Each structure stands twice: as C-alpha cells, then as structure tokens.
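The next part holds the structures, each set out as structure tokens.
One chain, chain A, appears in both complexes that follow, with chain B as partner in the first and chain C in the second.
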Partner chain A sequence: MQSIGDALQLALHLVLSGDADLVEIVLLSVQVSITASVVALTIGLPIGALVAVARFRGRSAVLVVMNALMGLPPVVVGLLVYLHLSRSGPLGFLGLLYTPTAMIIAQTILITPIVAALSRQLIEDLHAEYAPLFRSLCLTRLQTMRALLWDARYSLITVGLAGFGRAVAEVGAVIIVGGNIDHLTRVMTTAIALETSKGELALALALGMILLVLALLVNGAVQAVRLGAQRQAYV
Partner chain B sequence: MKTKLTAMAMAVLISGGAWAQEQIIVQSTTSTANSGLYDYLLPIFQGKTGIQVNVVAVGTGQAIKNAQNCDGDVLLVHAKASEQKFVDAGYGTQRTDLMYNDFVIVGPQSDPAGVSGMTDAQAALAKIAGSGALFASRGDDSGTHKKELALWKTSGVNPAEGSGAWYRETGSGMGATLNAGIGMGAYVMTDRATWIKFANKQDYTVQVQGDEDMFNQYGVIPVNPEKCPSVKVEPAKTFADWLVSEEGQQAIAAYQVSGQQLFFPNAPKN
Partner chain C sequence: MRDVGLCFGQVTVLRGLNLALPARGCTMIMGANGAGKSKLLQLIHGLVAPSTGTVFWGDTPAVQATRRQAMVFQKPVLLRRSVAANIEFVLDARGQPREQCQYWLDHVGLAHKARQPARLLSGGEAQRLALARALATRPEVLFLDEPTASLDPASVLAIEAIVRQAKDAGTRVIFVSHDIGQARRMADEVVFLASGEIVEHTPAGQFFNQPRSTAARHYLDGKIIA
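Let's look at the complex of A and B:
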C-alpha cells in the first residue's frame, strides 16, 4: 500500500506548488457546487416549509416521494439532463450541453430533493413545538412558514451543507453533461475518474485527498460563520 | 443597471464563461485522450489557428451516438464499419483514414494460459478460453470491444457462454477495464497506445501481438451540417483537414511516450 504514501506526497506537492491546472479544477468544482447548492436551497426550502406546515390530501404520498428522491441516482439525472440539453433534445437550442451551467443544472436536480426533504422534517418538528403559539397569534400560513424558516436557520445551514457535500462529491451526472473537457468542464471528481482510468492511481488518490480537504474548508468556513452569528444573537 | 447586470450574468452562464475564441467539440474515443495525444496535438493546432478544441472522450459507440445527437462538430473514433454507417446515414460529411496502431493482449507474468509470445490472436483467445484463465472485456460497445468480439467470432469460441464466469465484461472504459483486469489477474485486450501510457501495469506485460487482424485504424469525420445545423462547419473542417495534412500527420508521428511512437499516421496523400 505504498500508493497511499505516494498520494499524500503528491497531494502536498500539488497544493504547495500551486499547480495552475489544479487551481482551475478546484475553483470550478467549488463554483459549480456552491451555485447548485444556493439554487437548490432557494427552491427546496420553500417546498420543505410548505409541506411541513400544510395539511392536504395525499400528503403522506408526497412525503414518500420527497424522501425517495433523495436517493436519485446521479447517472440517471445526468442522462435526463443530457437528453434535454442535447442538440437533438427539446432544450438543445440553448447550447448548454458541455458547459458548467449544464453541470449546475444536473447537481441542482440532484440535491433539491435532499434540501426539501431534510428541511421539511426539521421544520415540521419545530412547528409541532410552536403550533399553539402560532394559533394564538392567528398567523397566516405564509407568516408561519417564514417564522419557522427564520427560527430554524442555523439547522438549515447543515441541510445546505448536506446538499453541497452530495454535489461536490458526485461524478456520474457531471461527467455526462459536462463531458470532462479540459479547461472547460473538468472538476475534481471527473479528474479523479480520468486519472484512475489512466492508471495514475496515486495522482487520483491525491486529488481525492485535496477534494476532502476542500470539503473540510467549506464546512469549516460555514461553521465559523454560523457560530459567529449565533454568538451575536445570544449576546 | 440591475437588468443589465442580470443580462450579463445570464450571458456568462449560457456561454459557460467563454467568450471570444472559436470552439469546437470533438467526440472522441478514449485512447487518443488517455494516451496524451490531444495534450500534444491541440496546443500546436490552437497556436496555428486560434481554434480551441474541446474533447469529450468516451467509448467509440457512445461518441458516435453523441455525434448523431448533434452534440459534436467532429468525430474521431476507431471502428471503420460503424464510421461508414455514420457517414452513409448522412451524419458525417466524409470519413478519412487518420492513423493506426495495433491491439495487443496483456496478461500477468505467470501467464496461466501459456499464450506469451503468440502472434495469432484467434488461437491465443481460444487458448485462454480453454485454459479457464480469466479474460476481462470492455463490454461497452466501444471500438476495442467491437474488435475483440470480431476476433472471438473467428476464434470459434463464444465468450458469452462464459460471461460472469471466466469472461468478465466490465462495461467500462479501457483504463477502468485494465485496472479491473489487472486486479483479478485476467487477460485484457487493449490498444497499444493506452497500454504504453498506462501507469498501473504491475507485473503485466504484452503477451500477444503482431497479428494483422489486430490492426487498429482511426478515422476522422466532420459532422454533417445538413443533419446538424448547429455544427460549426468552418472550424470543424479546419481541424479535420489539419489532422490529415502533412503538418498534422507529422505532428502525430512525432508524439512519443518513453521513446515509443504511439500512433502511425496513414491519411491518404492528395
């Protein structure tokens, strides 16, 4: 198992030498996955909040579907997005296939259900606590949703991070819709797949370690912001 | 101001952040990418013409399908019969021989089937099948897979009967199949270029080579704008023409890995 040692050395060397290709790939990974996470939060949180507070026929079926969609296979999402964005597909005229935008779309589809399902659970639990209070204040449903989303904001950060984690680690969808094109759509995971297929296992593993550190940094940064904000709130 | 910014952001998003340069997409087989040939050729071409070539490297079968969906401007693969079909169906303007190399069968040092040194591919395959040794196949409708199936057909063995037992279809690219084959001690048929550049050889060596039937011809085809109006006709033609020009052919011949030439240009001379 010398390759793990090799990989560590390689990873350090790549990071310390500021390899231009690596920087480009890392930045694109972060850019694509953070954008996808923000879009997914924008779509998923209102859905999660709505389903949490609303009572309607067929609600339990909706819950089952929402939870099941968390397990969407990336390759299937990639294929669906490919079929739509392909020049011969319905959205082909946009010319989006093999661009970072296509990768953002695929990742957004992949993680929006995660955001919606997890936030639904969180907000529903919180709602159970506050329901009598809200009733006494005669809040509308929209006001209730807003109040709950605001109150749960720190927990919801973790939901966003779960989405980001899935997005940044995913390879099956982005390799189909992005095409793993050098200097255009190559991200960390597709680069890892490529190096593995070249038999450059140490390099692939080194890239994997860098991806892990990247995820740590993003999570650390978000955690710091959250702690700072919480401290402010309770002073 | 705000709408202007939004419009700009949209433009950046839609163009994928790329502005001025002319760009084309090449749907390609994996061996030309994994072997590093594009990394060598494309900067030369771009320096000369300013055209940026974006390579999507997938198996030959998938590359042809993607090109049929109009998701590429040029097709560069290695399965002559399928390529001809692609052109005959009107998807490509013209197919030109570009270069060749050959396929080889690699195996572990221990050589459980005793095929080392053989030059008859069909006999070697039959021997591997008869010995009970493992064989890892691409199983992905790629150019290499098609060639392998053609060799089996004339060898008199039907490998499908051993599928899952001694005949292991990985359904993956060349590199992934080599990794898997080497991991389980199986024989693998690979194009020589990928093998020479492959970094995870362990104790594997080339054991069967030199059969004329293992000849591996690559072809280049610009995608037909009549089927695919989105095709960038001029830069696509420029690229295809340059590859088969004397300069392009010399560049292909000049590409070496560890002192070995990987691809042998053989475009027809005008």
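Let's look at the complex of A and C:
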C-alpha cells in the first residue's frame, strides 16, 4: 500500500507522461460511453418526443414508469444483460459477453430512460408554448415531433451530455458484463475499483483525476451550450 | 354557425350563437374582457369544438377548414429559429417552395433581419413576422386575435397596412380587437359580444354611429359593462 503522497506523485507522473495503459483505458471508456450515449439518444429522443405530444389512455402510467426507470440500479441492469448474453442465455450465441459491445448495451439500457424522461419534460414544455400555432397549421404528429426536437436541440444537447456523464461514471453494470479484462474491457471506473482493491493507488488516482476532469469538461460544455443558446434566445 | 354554445365543465363561455359571415371583407369581433371573443375566434377557426351546435365554412365543418386558414395570436408564437426559418417552416409544412420566403420578408419589412434569431425581435417586428408566416400559407381566412395589443402606434399602423393589403387581395379577415380606433379603421362589420352572447352584428358604420344594444353603447362610451 502506497502513502497518499507517493500515490499522488506517481499518479501525476502517469497522467503527464501519457502512460500507454492509462491512455488505453481512458480511450476505451470514452469510446464506450459516447457510443452508448449516441444509441441512447437515438432511441430515447423519439420516445420522449412521442410521449410529450401524444395523449392516450394510460399515459400517466407510462410517465410513472419512464421516471422510475431513470433510477434503474446499475448492478441489476448488469445482471440482466449478463443473463441474456451468457452462453446459456437467449443471446448467448452472439458471443458478446465480456466485450465492449456488452458494456455499450448495459450503458445504453441505463441511460436511455434518462434521455427519454428528461427530453419528454423539455419537449412537453415547449409543446405547450407551440401548441396553438401547430393546431392552427394542422401539423401531423410527425411534423410536430420533428419541429419540437429541432427547436429543443440546445436543451437536448445538455440531455445527451448528462447521459454521457452518467455513462462514463458507471461501474456496477460494466464490471458485470465487461469483466474488467485488461486491454479488452477495462474502463476507468472498473480499473479504479480493481486498483484500489489491490492497494495500487497511483493508477486509481490518476484515473480518478481524469474522470473528474472529464466531469468538469462535460459540465463546462453543458454550460457553454446553454449560454450560447440563451444569447440567441434559442432556449 | 348555428345554435353554438361552448362550456368548460359548469362554466358557460358562449351560448346560443347564430352567425352568418359574408364571404369577403373584415369582421371585427368586439366586446369587453371575458365576453368570449377569443373563444369565438377559436371556434370559427376550428381550434375548439363547440359543446352544442355546429360551425361550418360553406359546406365544410370548421374543423376541416382549419388547414385553409391561418391565425395570428396576441402573443406571437415564434419558433426558436431565425426569422427566415420561421417562414420557411410553414412553407415546408404547406409544401410550398422556400424561395417564397424572401417575398414575405420583403412584404413585412423584415428582409434585413432574415438571419437574426426570431425571438430577439421587438414586439412589433415579432408580430409582423407572425403575420408574414400566417400569410405565407396563403389562407382563405385570416384570424387575428388582438395582434396589436401592447404595440406602439407605428407598429399598429404597420400591422394594419399588411392586413389591409391581404384583405384587398381577397383574404377574408376576422379580427378581435379592443381598440375602437382600429375597429373604425379596419372593420366592414362588427360582431359585438357581451356575456358570451352576440348582442349585435351590424355594418361597422351603423355600429359606431347608432349601436342598437345598450351594452354596445356603454362599451363605445367607455362605461363598465356589468
């Protein structure tokens, strides 16, 4: 076990020297989380927009479920994805368990409800403002959804970034379906957990620093997007 | 419009309305606050279904005629896009070429602001954009729900000039306004509402010079209508 001072010094050295293992882990984390975020946005935004503009029986129940799914426990998602992808599971023939694809699937399942629920609220608020005009123009539901998604684009970018932030910081699900295999499925959060358990604090701290910087960058990007859009009265 | 009533729960907003409008010209709907003017406009435009009675445009139910009409609201609903993109949006929705956008921008004097965010326009400019967007759909009927409320006199006159041009070009105009001066300038006929009922439907000249109802006389004299 290293002292905190030694570990910090070593961690800084790893970060500043661009250690190959560290870079590999960071790049895989970012790649998995960006892919999961893009897939989640592709699925979640149309769902959010549809629920925002549609009025149907049972809509309140759908809203309750959508909001409840935002709090999906990652380990439960990991377990369910594991059961489906394991050799004896229904999707076992795909051979995806312990691959980055499995991690993308788990992260997508975790953040899609977040994207859908947050975008639903944003789009519904915007729809309340636009509804008289759209009714007067006799727009179809599809035209309405497209217009709302476009006009809410800046707010929805922040939803996407929030999803990415959630994905990149996730550990429970990806460690179950990814297996934390060195040079294959080891990402920042799983590496931090492993290195800490081994008492190898330097790499864990280095990754922790990068994770924090990433979180700051994501939040900075959210803020920049919002400010830019506000200046043009687009939010 | 025959025997039309509009209720929300136990509250009756409009009752026993019978109204036949001529095919051309400008009808001004007037009345005190809460008389039901805006709701009447929405009924005629087909945005609200009547609780009782029927609303037709010729042989077409109002709700099926909405697509051939356009409405400008008191508070303009502007999309979070540029000025030009607001007009292009309705041109796309109506399947009309985007090239027409420039004509409408010129028509309302906003060509120099085409690329500006629409929501940064002044009140008068915003309403001119809303009017251009409505006219870009080439409506047979143009509904205006107090479009000049809270605008400065120059902006009011600019809006009126655009509406007058549309009317002269054959667009039927149905206008809700509180502004008696504006009604005198614009109206061919007046529908006067009080407490959810039509109490007067007369040519504009007669309405302003010899109103038949006590409610209309009080309204024109600036007295409070109970």
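Basically, the second predicted complex is superposed on the first by the 201 of 235 C-alpha atoms of A that agree within 3 Å, B and C clash if a C-alpha of one lies under 4 Å from a C-alpha of the other, contacts with A are read in each partner's own complex, and residues count from 1 in each chain.
By our rule, a contact is a pair of C-beta atoms (placed from the backbone, for glycine too) under 8 Å apart; a residue touches a chain by one contact, two chains touch by 3 or more.
Predicted model, so just to flag it, every value in this text is computed and none were measured.
*Asks:* Based on the superposed arrangement, let me know which partner A:132 touches: chain B (first), chain C (second), both, or neither?
*Replies:* Second partner only.
*Asks:* Which partner chains sit in contact with A:143 here, chain B, chain C, both or neither? Use first/second/both/neither.
*Replies:* second
*Asks:* So in the superposed three-chain picture, is A:97 touching just chain B, just chain C, both, or none of them (first/second/both/neither)?
*Replies:* A:97 sits against chain B, while chain C stays out of touch.
*Asks:* Is A:151 contacted by the first partner chain B, the second partner chain C, both or neither?
*Replies:* Second partner only.
*Asks:* Applying the touch criterion given at the start, work out whether A:234 contacts chain B, chain C, both or neither, answering first, second, both or neither.
*Replies:* second
*Asks:* Where does A:165 make contact in the superposed view: on chain B (first), on chain C (second), on both, or on neither?
*Replies:* In the superposition, A:165 contacts neither chain B nor chain C.
*Asks:* Where on chain A do chain B and chain C both make contact?
*Replies:* Of chain A, no residue contacts chain B in one complex and chain C in the other.
*Asks:* Which positions of chain C touch chain A when the two form their complex?
*Replies:* So the residues of chain C in touch with chain A come to 45, 47, 66-67, 69-71, 73, 77, 79-81, 89-90, 93, 117, 119-120, 137.
*Asks:* Flag every residue of chain A that touches chain B in the complex, lowest number first.
*Replies:* 86-89, 92, 94-101, 179-182, 184-185, 194, 196-201
*Asks:* Can you tell me which positions in chain A touch chain C when the two form their complex?
*Replies:* Spelled out, the residues of chain A in touch with chain C are 129-130, 132-133, 135-139, 143, 147, 150-152, 232-235.
*Asks:* Would you mind writing out the residues of chain B in touch with chain A in their complex?
*Replies:* Chain B residues touching chain A: 13-18, 25, 30, 34, 39, 54-57, 66, 68-71, 173-176, 178-179, 197-201, 228, 230.
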